[in-house]
Amino acid sequence: MSESEYKFRVAQSLIGRGKVSRRDFIHLGLAAGLTVAASDQIFVTVARAQPQQGGFAKLGMAHGATTDSIDPAGYPDTFTQTAFSGAMSNGLTEVDAKGGIQPDLAESFESSNGAKTWVFKLRKGVTFHNGKKVTAEDVVSSMRYHMGVDTKSAAKSLLESVSDIKADGPETVVFTLNSGNADFPYIMSDYHFVIMPSVDGKADWASGTRTGAFVLENFQPGVSAKLKRNPNYFKNGKPYLDEVEFIAITDLAARMAALSTGEVDYIGRADLKTLGMLKRNPKIEIIEVTGYGHYTLPMNVTIAPFDNPDVRMAMKWAIDRQEIADKIFLGHATVANDSPIAPAIKFYKNPEPQHRFDPEKARHYLKKAGMEKLKVDLSVADAAFAGAVDAGALIRETAAQCGIDVNVVREAEDAYWDNVWLKKPWCASYWSGRATADWMFTQAFAAESSWNESFWKNPRFNELLVQARAETDEAKRAAMYGEMQQLAHDDSGSIVLVFNNFVSAQSKKLGHGDVAPNWENDGLKMAERWWMAEA
Amino acid sequence: MRLNPVAKTVLQRLGLGLITLFVVSIIIFSAIAMLPGDFAKATLGQSATPETVAALQHEIGLDRPPVERYFSWIGKMAKGDFGSSFASRTGYRRTVAEIIAPRLYNTMFLAVMTALIAVPLALGLGIVAALYRNSWFDRVVNTVTLTTISFPEFFVAYMLAFLIISRDTFAGTEFAQSLPVWLAISINWTLNVVPKFPTLANINDQTPFWDHVWRAALPSATLTLVIVAHMMRMTRAAILNMLSSPYIDMARLKGMRPMVVVLRHALPNAWAPIVTVVAFNLAYLIVGVVVVEVVFVYPGVGQLMVDAVRSRDVPVVQACALVFAATYVLLNLIADIISIATNPRLLHPR
Amino acid sequence: MTSAEPVIQTTRAPRVRRTRRSRIRIALKKAPLSAWFGMGVILCYAVVALFAPLIAPYRETQVFSEAFAPWSHEFAFGTDQLGRDMLTRLIYGARNTIGIAFITTILSFAAGVTLGLLAAMYRGWLDQLLSRAVDVLMSIPSLIFALMLLSIFGSSITSLILVIALLDSTRVFRLARAVGLNVVVMEYVEVAQLRGEGPAWILRKEILPNILLPLIAEFGLRFCFVFLTIAALSFLGVGIQPPSADWGSMVRENATLITYGDVTPLLPAGAIALLTVAVNFVVDWFLHSTSGLRDEN
Amino acid sequence: MKTSSVIARERGTDLLTVRDLHVEGFSDERWHPIVRGVDFSLKRGEVLGLIGESGAGKSTIGLAAMGYAKPGCRITRGSVLFDGVDLLSMSEARRRRLRGSRIAYVAQSAAAWFNPAHRLLDQTVETAVAHGIASRGEANRDAVELYKRLQLPQPETIGFRYPHQVSGGQLQRAMTAMAMACRPDLIVFDEPTTALDVTTQVEVLASIRRVVEDFNTAAIYVTHDLAVVAQMADRIMVLRHGQTVEEAGTRQMLTAPAQEYTRTLWAVRKLAKPEIEARDHILTIDNVTAAYAGGVKVLSDVSIRVPRGRTVALVGESGSGKSTLARVVTGLLPAMSGSISFDAQPLPLSLKQRSKDLLRRIQMIYQSPDSALNPRQTVEEVIARPLEFYLGLKGEQRDRRIGELMHMIEMDESFLDRLPGELSGGQKQRICIARALAANPELIICDEVTSALDQIVQEEILKLLIRLQRELGVSYIFITHDIATVRAIADEVVVMHQGKVVEQGPKTEILTSPHAAYTELLLSSVPAMDPDWLTGLLAKRKRQGTLDAAG
């Protein structure tokens, strides 16, 4: 390595810290035998890769409604979740870019008593936006806000297994669970469970005072939310941005146009149809992450003909998942295999065999069930997921080749979840996914769960579920979850079509590290984690 | 007592208007009551437990019977209290008035801005088209305006946005490369002559006035394209209709110039139908712009009402509906007053 | 009458015997070029709509493997995101969109005209009641109201038709009442009343034939408005529902492509626009020939 | 006209010379000739009367004399030399400068020809100001002067009224003032008094004649009324089918018309039916009072008897309540008080209470066959309906009866598939008569059935009605404002004024020796075919001081 090359290397490492000007860098590059353009390119790339302080980012969110509020009992969509949970607040834990659990406001956590007791130790010296110290009392009040008979929190069900929370001194919180749950810290990372100051023993959410990287400056429900940097944020150096504005742009075309004209720097849920064309724009970067979310077609196993496992199996073979992934999601989805556990989740194991479109097999199982032909209704609406109706159209075409006549019934979008889901024998459904296998299975496949959408009650599965939850031996857990995924694949009434990918697009002016898969918008934490690479 | 005809109409219409508002409130209330789901279910979403839903229903009073809710609402209304949004929580009151006020301002802003462009434009074009009827000008104006109203509104909006985006992207498209160079350059130049209006009209209460105008440019242009045709055609038709009147022959026989014939003799008699159509279109500007609001992300009352309907936020829906109905009633009243004021037969009865 | 002879034209042979058909033929012959163009386009659309299954190269919902296929011999206008032939979708879109708009307009006219004429004929409380009811309906923003009603009754095609017909009939009512009022005062209506005719006969035989032309003209316009309303409702997600092809949704689905200069969304939008323009041309001609207005210069 | 002025005018030079004028009109997508080669000339201060029936092209010629063709018309050939310059070949801008300033126009229906949106004064002075002849102030003062000369009431303030606020006669005079504003050389009067009541007509005629004489203005006076033109014109030109029939000085034309057609025109006013005594009464109206909604009383205490098989003429000016009486008899407007008996039976006052047969026995014919016939029904449908409705006739029976009725009204059966729009005015009125006859009625109310028709046609219709009465024994209530019509058809006359019966009696008695002052005024106001009639009447009235009282 020549001296000039060495200097150039050193200079590269200094760019991120803002120690080298662009001009000096280009000179060094020339000295090292590069062209002006090439060294400039390297400067930009390197600069982007290194977090920088300052800047104002405008982030276009795919949601936003006039009924939005900063109340963590709600947070129905990505607007409130990203702006108020991710940017403004912290929970006890967070999920990192690799799907692992990390302490956030907590400094550490540990379990005892067969994962029935969980002790969280709080980080020292953390203050709310108003300067008040965060204490265990605040944590208890914040959690209680989602518990109890009269809570209005949508997250109530997550804490139903918690029998007691108490503060043990100012910096320790102890959770006692009804039954062991090795994944409890994951639950604590849910975006609802933000820590709010306790006022008179009650969580004060209305003031907007939180612990997060940003302080709320202006919020117009359904329009925008503007936040500015919290100078006293407890994470060193973060956030990088001085200001962020979240803008609600629910119309897809408008969102795409706003990014194209540079009126926003980032948009969530980019248009898949025109992604190819968007990619050609050199100023735009597209990020795609396979999330936990998945699209399902639950069959009610208590109702004929779905009470017959062979019929269920026939249906599973009569659907072309790849085509749905390609056409409904335009390739921006990962084909699933009738198990709800996403590849990014711990203990994921793909069951055998891979269910795909195979008319032979479908007919085989149909015959096994004693049928030549079958006629079933599939209830769909785009309220279940965007493209559900089109998916129905595709399923009808493929199923017809297997002797199954699928009558696609369009249901009203309003109150779809009230009137269709869990009511109609076969319908479309969506799960945003859970961070752990246990959590997912408990909510959607456990016999006693009120959202057991296929009404599937497999004794072995339910036995395993309880055992695995309290098991602390990783290898044993892995085996148990592996078996459960196979059972779901083989016997349950849920047809899991695909896992969704979060596709977002942004200006290359924005820089970021690895993107977390647990939620959209970098696990909702983009405001805290991203930076402005060039002004 | 013999009232002035204008005063009489105003009083009569205001009375009827109040009844209309009352009936509208009943209809809207019943409609929301009939909608599947309610606010609690809509906001808590898919994963809420029934107990949670019940608790929320109780807090916002949804567990009371609809008739009782309606009467308590109208009782407050009578006192001028629009009530609170269902999005309010204990200690965090969001009154309907404070939710609607900025939205209404925005809607009015856009409506007035558009009207200031569209109404003079439509009247001017209509008058000139009537004056030079069957000329190429007349035909071109007619066909162009007709075409603009023939496209769905959102399509017009997208097309305008596309023009703005094309400033930067046109040169790189395959289409541009397939054109002769001079043509591609001149198209590109033309595109760049148009100011780069923002495709995102996301204003808020801190937006300065001229920035507001700037951001509302595209929505306003879209609406102008949508409403000009109707008003222009009516102006033209109303004037042409008058042109077959004997007194127009008389004006010509008195040696009046064609412009004087149209402006002084035809137009004053054509106000009534023109004003009615203008009022109709102004009402549309306030009431019917939800699509444009969505496309340009403009925070107006239309989108607010659609949002509120989706989330079953009854007090907000009710207030929006009343604002809209009142607008309709008032604009029609104004149109009637102008019709009377411009018609000596009604203004000065024998 | 120009004859001065005291002897009446008892013997004078009338001109060619005129039947309704010959009258229509004469009227058509006088139609200007724009009206001919309009009628031609409407006829084409009607044929396409009626014979969609015969004309379309594929089935309405037939899916091919290639999504977003380019224009080719196989797929004249390429395929959509699901790999359905665009041309086929356009043709079936004509059938669905025009068919629904047509039925809706017919319904709204049936209701609007009947009630409007009754109001014009009887005046009094019936007129007041209907007019005020129409005022109320018109003062509710129709798009949002349609949205609510469709949410209540579901976005089935039947409820779509009924809801739009109801909201649209208010304007028809107003027009029918207004033109009806002009005819009701005519002496031939009085003659019928004096003769002792019932209201149904008077409505059908005396009034309706005389307001038919303005009504037909309005029919054309309302048809277009219904069309655009359906498109707008599709935009808000409650219009004609997939997998049925309809132009409004096709524009909506492909709208983002406009941003990249792709002409796909132009096809259905153009189809809507062309029909609207065509109908308006015909309507202009109708209005022109009925108003007796002469555009001289 | 006064002899002295006639002499003075004859000294004038040629002001207007029209040569070989051809005008075409556009209808049924074709150009039809309206005026086919008319020549005439006019000296300064001279008044030319154009007379003819509708369709003769007289109004078109009047407008063409201003170089103007109505929308839908075009001047195809000829020249119009005004003061030596051809109006037809000059530029539109130059023509525009002449119009209003040197040639002016006074229209038939001032109510329609005045712009309803502007005050009278503004419209009067508009020309003078626009042509730069006078300043606004001068023009205003001059307008008041003209109003005075035209004997308009309150000349200082009447200009601030809108057209709808003044009466028809006043409007007509205001329009003359408007025409006079620039002191034009030529005024075209297009039937200026036709729409007026006779008593009003006299005054307007007098006013017009005075200003025309005072300013020595030349005039073309277009009318269909011989008696009127006789008062106004120095010369008369008779037109037919767009061609000149003959032209001569007024006196010569009246006394010795050269052409057969002119003689027919002259003769129509002489029809008179001898009156016949009646045996009994088919209709008796006793003390009827009626009012429209709003409580304005239109009839008070009216009693009339209608003899069976005879004709009662109901005479009166507009607003006298005669048409209201027809509505009361038909039951459309039920009387508030009083009683009506029909064929010795009490007649229910309201239409709704009358039986179908009773409805059949009283039929009505309207003034305007255009609005009384449904434009969308063929002649056959119109006549057949009463046959089917009242008599239940079907098929061949019905067709035979239709044939009979067509024969009765002297029309060919080939008209049966025509629409009203394809018929002439007289033919339409015949169809209305056939429709009434189809019901086999006993009483027909004829509401001004001839006043919308040309005089020759009027005569035909009247003759037809008389013949039908003779053959069918039907009784008529004949509502009219025209004394000549009364003379032609009536047996008895009822004179109405302001909702009251002024006089009732046998025709001869009323027409020759009226008792009531109003009847006398009415009768004396009917123009006679005598050029000196107006002069004489004015002189006589001046003596009696009745002129102002009548206004």
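A few comments on the model shown:
In order of appearance the chains are A, B, C and D, and numbering begins at 1 in each one.
Following the convention adopted for this analysis, a residue touches a chain if its C-beta (ideal position, glycine included) is under 8 Å from a C-beta of that chain, and two chains touch if they have at least 3 such contacts.
Predicted, not measured: the structure shown is a model, and the values here were computed from it.
Across the two interfaces under comparison, C-D and A-C, the one joined by more C-beta contacts turns out to be C-D. Here the CA centre of chain C is 45 Å from the CA centre of chain D. Centres computed as Cα averages put chain A at a distance of 48 Å from chain C.
Between the Cα centres of chain A and chain B there is a gap of 40 Å.
Distance from the chain A centre to the chain D centre is 89 Å, each centre being the mean of its Cα atoms.
Along chain A, residues 253, 257, 260, 412, 414 each make contact with two or more other chains.
For chain C, residues that reach two or more other chains under the stated contact definition are 151, 255, 258-260, 294. Shared interface positions of chain B, i.e. residues touching 2 or more other chains, are given as 35-36, 158, 161-162, 165, 169, 243-244, 294.
Of all possible chain pairs, those that touch are A-B, A-C, B-C, B-D, C-D.
Every residue of chain B that touches chain C in the complex is listed here, in rising order: 16, 19-21, 23-24, 27-28, 31-32, 34-36, 132-135, 143, 146-147, 149-155, 158-159, 161-162, 165-166, 169-170, 173, 175, 237, 240-241, 243-244, 287-288, 290-291, 294, 302, 305-306, 309, 321, 324-325, 328-329. The part of chain D that touches chain C in the complex is made up of residues 26, 29, 53-55, 71-72, 240-241, 261, 264, 330-332, 351, 354, 356, 359, 363-364, 366, 368, 371-377, 385-386, 389-390, 410-412, 414-415, 417-419, 422, 424-427, 435, 439, 454, 456-457, 459-460. For chain C in complex with chain D, the touching residues are 1-4, 6, 8-15, 17-19, 29-30, 186-188, 190-191, 193-197, 205-206, 209-210, 212, 294, 296. Interface residues of chain B facing chain A in the complex, by the touch rule stated above, are 35-37, 39-41, 43-49, 51-52, 55-56, 58-59, 85-87, 89, 91-92, 94, 99, 102, 158, 161-162, 164-165, 168-169, 172, 196, 198-200, 202, 204-206, 294-297, 299, 303-304, 307-308, 310-311, 313, 316.
Those residues of chain C that touch chain B in the shared complex are 132, 135-136, 138-145, 147-149, 151-152, 224, 228, 231-232, 235-236, 248, 251-252, 255, 258-261, 265, 269, 272-277, 280, 287, 291-295, 297.
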